[in-house]
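Chains: A, B, C, D and E, in written order; residue numbering restarts at 1 for each.
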Amino acid sequence: MSLLKPLNKLPELNTANVLLVENEELFQKKLADAIVLLENNVNVIVRLARSLPLPLESRPRIDLVVFIVHLNSEQSLLSAEASLKHLDSSYFLGKVCFLVTGARCGTLPYERLTSLKKLAATLNSPLLMTEDRTTEGVNTVAQRVLAVLRVAAGLVPMATGLYLSSLTRCTVPTDPDWQNQD
Amino acid sequence: MEDARECLRDGVLNHLNVLEIEALELSRQQQLCLQQQSRVDDLRIMVDKLRAQKDQLKARAKTTMSLQQLKAVVHQRNEEFNDDISEEGCSMTAKSQLSFLMARKTQVKDLLQAHHLIGGYDVTETCRGKGVCISIATAFEGFYLETYNLELDVSRAIQICRHNIPPFIPLEKLAQVNLQTDLMGFLSTLSHHLNGFAGRRQQIRLIQEVLRDSVEVMESNVLFNTIVLMCADPEENGRAVLCTLEYSDLSRYLPTKVTIESEDKALPSTPQWKESQSLLLQTPAHTALKALKMKGQIA
Amino acid sequence: MDDSTKQVLRQIIRRIPLNKLQNMLSKWEHLSKKQLRSLEFTQPKWLLCDNLLSICEENDLSMKHVTELEIIYRIDHPAQGSWNVCQLIDPEEEAVTADLLHFKQLFKAHLRGLISHVSVKTKKHEDGAIWIRIAWGDNFTQPNHLKPTYVVHHLQTPYVFVSGLTMKHKPLLHQALVLSAHYGGIKDVHLSGRCLTALRDLLMRQYKQVFPVKHPRLLLERSPLPSNPNIQMEHAKHAENRLQMAAEAFGEGILPKLETAVYKLETRFRENGNGMLGRREEPFRGVVKFASSNLLESLKYCVSSGMASAPVTPLLSSITQKGRNYFVITDKGPGASHTPGPNI
Amino acid sequence: MAENQTPTLQTMERVYEAEIKLLQEEIAMLQNQQENNEREVISHFGEHTQRALTSQPDFQRGTKDTAMNLKMELEKLEEDLARQTKMNGIVLNECEVNTLEKSKTKIVQQHRVSGNCIFLDFQVEFQLTEILEEEATIVRSITDLNIVVDGCEFIDISAFVSGVEETKSLLLFFRALRAFSERCEHRNRTFAHFKEKYPELVRLPEGCRGEVMVIQNPKIPGCTLSFVWNITVTKDGVIIPKIDLLTKLPEQAALALDQRMVAENGPQSFQSLLRILGVEATIEALIAAVCVE
Amino acid sequence: METRLSATATPRNQTAPHRSSKSYGFSRRSLGVELTSRLGCTPGQLTAVRIPTNRGIPKPRNITEQVDPEHIALIVKKEWKLSYVTPLYQFGHTQLQSYSRQLAAFLAAEKQQGVAVEVGQELGFKVVFTAVLGLAETDDDAETVLIQIHSKSAFAAEGEAAKLTWSGWLSCVSGDVEYLRSMPPDFTCLPLFGASGAESLTTLVKSWFERTFDCYFGPLAINSTNLEWLAALWTGCHPDTNIRYLKLAWTIPAQPPLDVSYTVHPQDAWELWNSIRQESGLRDTVDIEEVSCFIKGLESHLFRHFRIYLSAGTLTKVSTTLGSAHQDGKIRITSSDMMTSVLALLTECALLKMPV
């Protein structure tokens, strides 16, 4: 099965490709519209997928893969974890990002958020808490994704995806209590 | 400068926070006027797309050789190899081959559409050949009415697994007769039943639509196989006349029995009502009644 | 107007909401225009009820008239209590040509033959169905009009919708129905719900079903809005496929509003992983109940959104195919016992 | 803050919308032209297309896969057509479509369809109108219909055909045509079977597809049984077969049989014989009766 | 002051509008700051109290010796709406009498100002605070306090006794010892609050407590992990006390929402649970893995039949004859044998909500 590779094709001039992976296919459309609307100078192509692997078609090089996980559904987390296996390991050098929604809901089992945080930490990728119901929330996260995308697509001089990810990667709380838990 | 120093007093993080919110606000306003701009952008993109499609079609038209060119190609080859074009002799050029294929494809599509239009069963295979979906078209006097569908499981014995035939059509009874033994026979009897029903119902609709003022449908049922119509006899000072149409053969849209009743017992046996009774037996009810109205037989 | 009639009338008035009462009374046509106007519909209900009682006494209305009011109200607001469906089987020859009057007389005669004190009131609804209201007494007591049974039968179709029937009277009703409709027998369709029109639309197939046939249209559909060129759907085909399968399983457009589906599971527990209960022979007994304000819409959404895997399991698609919402699932297959329902 | 659109944006929008409408019409016209061109090619070079399917000419690299897909697609369509033809029992050889009127809510097309149903050839011309009414319901109707059927059996259904033309019941016509052809074919097969089985006894004055079969024993001249099998179609498309037996006996034989009133009650007993034994067995019985001296 | 981006409440549970509670600031034990600091979080989300991954096997035991059966009768069989309570400042079990009087006066005063009290026009309130001795498991647990409000409605005839129209309790059963000990001296920790009766009375009682003891009441939801614990806990008791059925209910976020309920035969449920316990060696403690394996087993059994991903929805309700628990924080305990272990679990949930 073909692994999605980040550097297997030549990039097109001044374009950035981002792949939004969401099992529920609900939030990704709103986010894609916001991203395309906000970005003016770089030609951003947003590809929407439900999970990996992607159907066998020719597609340009994907600069950033964004996993959208809804915490109120366990299937969302499981499907994201399953999709990760289809990514080439070199994606985890600053070309993967996790968006988490629904973290506020009171009836949330705690371990789901912590296990997702641990997953993001081990893959040293950023994890952004997202507010998917208000337009400000959507615009904010669209801006953040664009920021990470620009770096990942190498459109920001002097900044590489790896360098940015070392700053923004998700850190599991260093509190001693957590350590002896797992 | 004053408000900057005042903000700083609350701590750097807070100051950054305030700045970011202002930036967000600014970008949101910028978006607002961008939005109007984007509507025009969308239209521009749409125009580019359509132009591209037009050019592509034009190009294709150029490549597929027109009729004259093909005639020339075939004609020219005829001379070289006199008349009988032997198999290996006619190495068709790729282009003419492509246009023949495309032409044949359009013809087959037209033929399939023709089959559909003349009321053929549109048969499509489902679930990888184990199932078949058959549609039965109904029509009455030029008007296409509902199309009913049957999904059959043909892996082992033929079984109806899904259908949208209304329950007053005796589907189970018909299927027991010859679904397994003679599928075509079963389909044609079912088609006759459905078209009979559609025809009878359409007649009632037409009567209610066209003859609303002179004929009233007193009684009818779901299967439209027993209809009671009331009309008025002009001479007998508009006395009411009841015609009861019975359709015992459910696959036909003509009644098998017509009874005329009225308070005046003698009226049904008068010659002109006798004649209209036989007229109702041979012609569809709405045409018959229209004719009677024209003749002044009914008010 | 005796006391029992008054009591029944009081109960009917109490059940009809105030805003609908005026409309019902005018449809009832047993009150003159003047009397109707004299009733003041803004006063508290119990006061209104007394005035109405006195008017009815004036018009000397009998139990027959009062039951007619209830039947009118029930026809316009069928969704009270739950409706169950049974199906007449093995039609005799005359079943198709049976007409309303004939059926009505036969039904009353047969039912009175089976049980002496029973009051039967029928009314023809404009969609061709016959509504029957039965107040059951027994050999000694008068018919109890407070707990009537309602029966709705569409002639020429095998379906009978029943509400408010006790087990005691079930065999009597079934026998009367079979005899007067010229059928060989009757069986339960295992379909029940609060909304009568939903049950009828499901069984009479009066909702749009989708079949894998694509009927060519001459008029071109309006071309869909051009989507933004910068956004591409990778799984467009899968999504389309799921939508088609969901539509084929549950239908399209406005779906019959079923509320529940119940499955009694008596299948062995087969857990692939760590052999939990693997060896156990007896079935793992349990009852699964699906509930929603519009069950078919919810199930359809689950399939089209991927929360249920496609192709749709026959257990769920049997709701629309077999027209029932109660199943007993054993290892031999769903409802291996004789599967009633509209088709083979 | 949302001031209304600046005038230039509005005008640009209207300009683009007009251009889009124009482009859409042009594209539709081009597609139509393309299809008509293909139809012309077919009508002139029918047989070539068959060879095109089979031969494997050398393709440039570019058109290789398009040709492959096209061929696969065509094979699938041919398969569908074969299945439709078998199921409908009607063979369509040729059909012509031209669009007389086309708008967003109405389309009128002139169709000419020719083919055969078992051995009755037909050519049907009909005008089809499709109108889009409110809430997207489409009303499709036949607005003009004329039918030509050739084959000796046509006389039996000419009344039916004219009735159908008048009421424009296209679907009824084809349903009845199919049933009628099947009955004729059944009659034809029966007559051919007996002609071949008893060549010297059986004569078919109007050929296999005729209505009459004469059974005569050469040894008893003048005594003939003519078996008349007539098939008619009622106005509403119901097929009614009518089978009669005409007997012609020489005078002395007639007298001899008369005491047993064969001539009068012949027809009733014949009809009952038909009902009980069915057509083939009855004919066998008749032939047996004629052979015995 | 930390700005708080208001988010519309998630549809399933209407969290009360966030009152800007006093900012406790981030104490040393809170988690490292990441990007999430931008969006304000519900209090307690950052608690570092460890979530136990295994629990001792709760044995049903008769508590009628330690606890007055009359009190038990008041708590059993009713359905309680749960909330969490931050530590009470200067709350003394000795002043229950004066609290009764103060609350009664407060309720009467509120009634004067026409605060909507829809339970008829109350003439007077009779409030009783009682200490339910014996429920506390460790000496660090504060004793449970029961509050009952009797009110006489205007229509009641003269001599008629006031009816019990509202009852509630504050409790702490085997709370996290380390946390309880870290409580400053004047604070009493009764984190778990249950209320049953008119909603308006509940809000009044809450506002009185908040004003008198400077504490905060917040909605307490029972998340699916805890519902799974309860399901396993109740199923485990089947051989001793017949649970007659184990009913699990999920809600699938379809449009319109789909509720799936699965009522399992008790003996089969127990045999499944027991086979999982045997699989992992019947240790004296129950591990979270076993519990989720039990629920996953039931879910996969349903998936095999209906092919619906229950994991796309949430477990909302668990019920047996021993009791029922709903995700929105509604609990009903029908038999007193299991009361302490259920209250212990709920106390733990409430403690997780405590700001550190």
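Here, a contact is a pair of C-beta atoms (placed from the backbone, for glycine too) under 8 Å apart; a residue touches a chain by one contact, two chains touch by 3 or more.
Just so you know, these numbers come straight off a predicted model, no measurement behind them.
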item	value
Most central chain, judged by mean C-alpha position against the global CA mean	C
Pair exhibiting more inter-chain C-beta contacts, B-D or A-E	B-D
Relative to chain E, chain with the most remote C-alpha centre	D
Cα-centroid distance, chain D relative to chain E, in whole angstrom	78
Approximate Å spacing (C-alpha centroids) for the pair chain C, chain E	41
Centre distance in Å when chain A and chain C are each reduced to the mean of their C-alpha atoms	49
Per-residue multi-chain contacts in chain E, two or more chains	253, 309, 312-313
Set of chain D residues in contact with two or more other chains	24, 128, 140
Sites on chain B at which at least two other chains make contact	46, 113, 122, 124
Residue numbers on chain C that touch chain B, as the complex places them	91, 96-97, 99-100, 128, 154-159, 203-205, 209, 211-216, 226, 228-229, 321, 342-344
Touch list for chain B against partner chain D, complex	29, 32-33, 36-37, 39-40, 43-44, 46-47, 50-51, 53-54, 57-58, 60-61, 64, 66-67, 70-71, 74, 87, 90-94, 96-115, 117-124, 134, 137-144, 184, 187-188, 191-192, 195, 199, 252-254, 282-284
Sites on chain D touched by chain B in the complex	1-2, 5-6, 9, 12-13, 16-17, 19-20, 23-24, 26-27, 30-31, 33-35, 37-42, 44-45, 48-49, 51-53, 55, 57-60, 63, 66-67, 70-71, 73-74, 77-78, 80-81, 83-85, 87-90, 92, 95, 97, 111, 113, 124, 128, 139-143, 145, 167-172, 174-175, 178-179, 235-236, 238
Chain A residues within the chain B interface of the complex	37-38, 40, 136, 139-140, 143
In the complex, chain C residues that touch chain A	228, 230-235, 237-239, 305-307
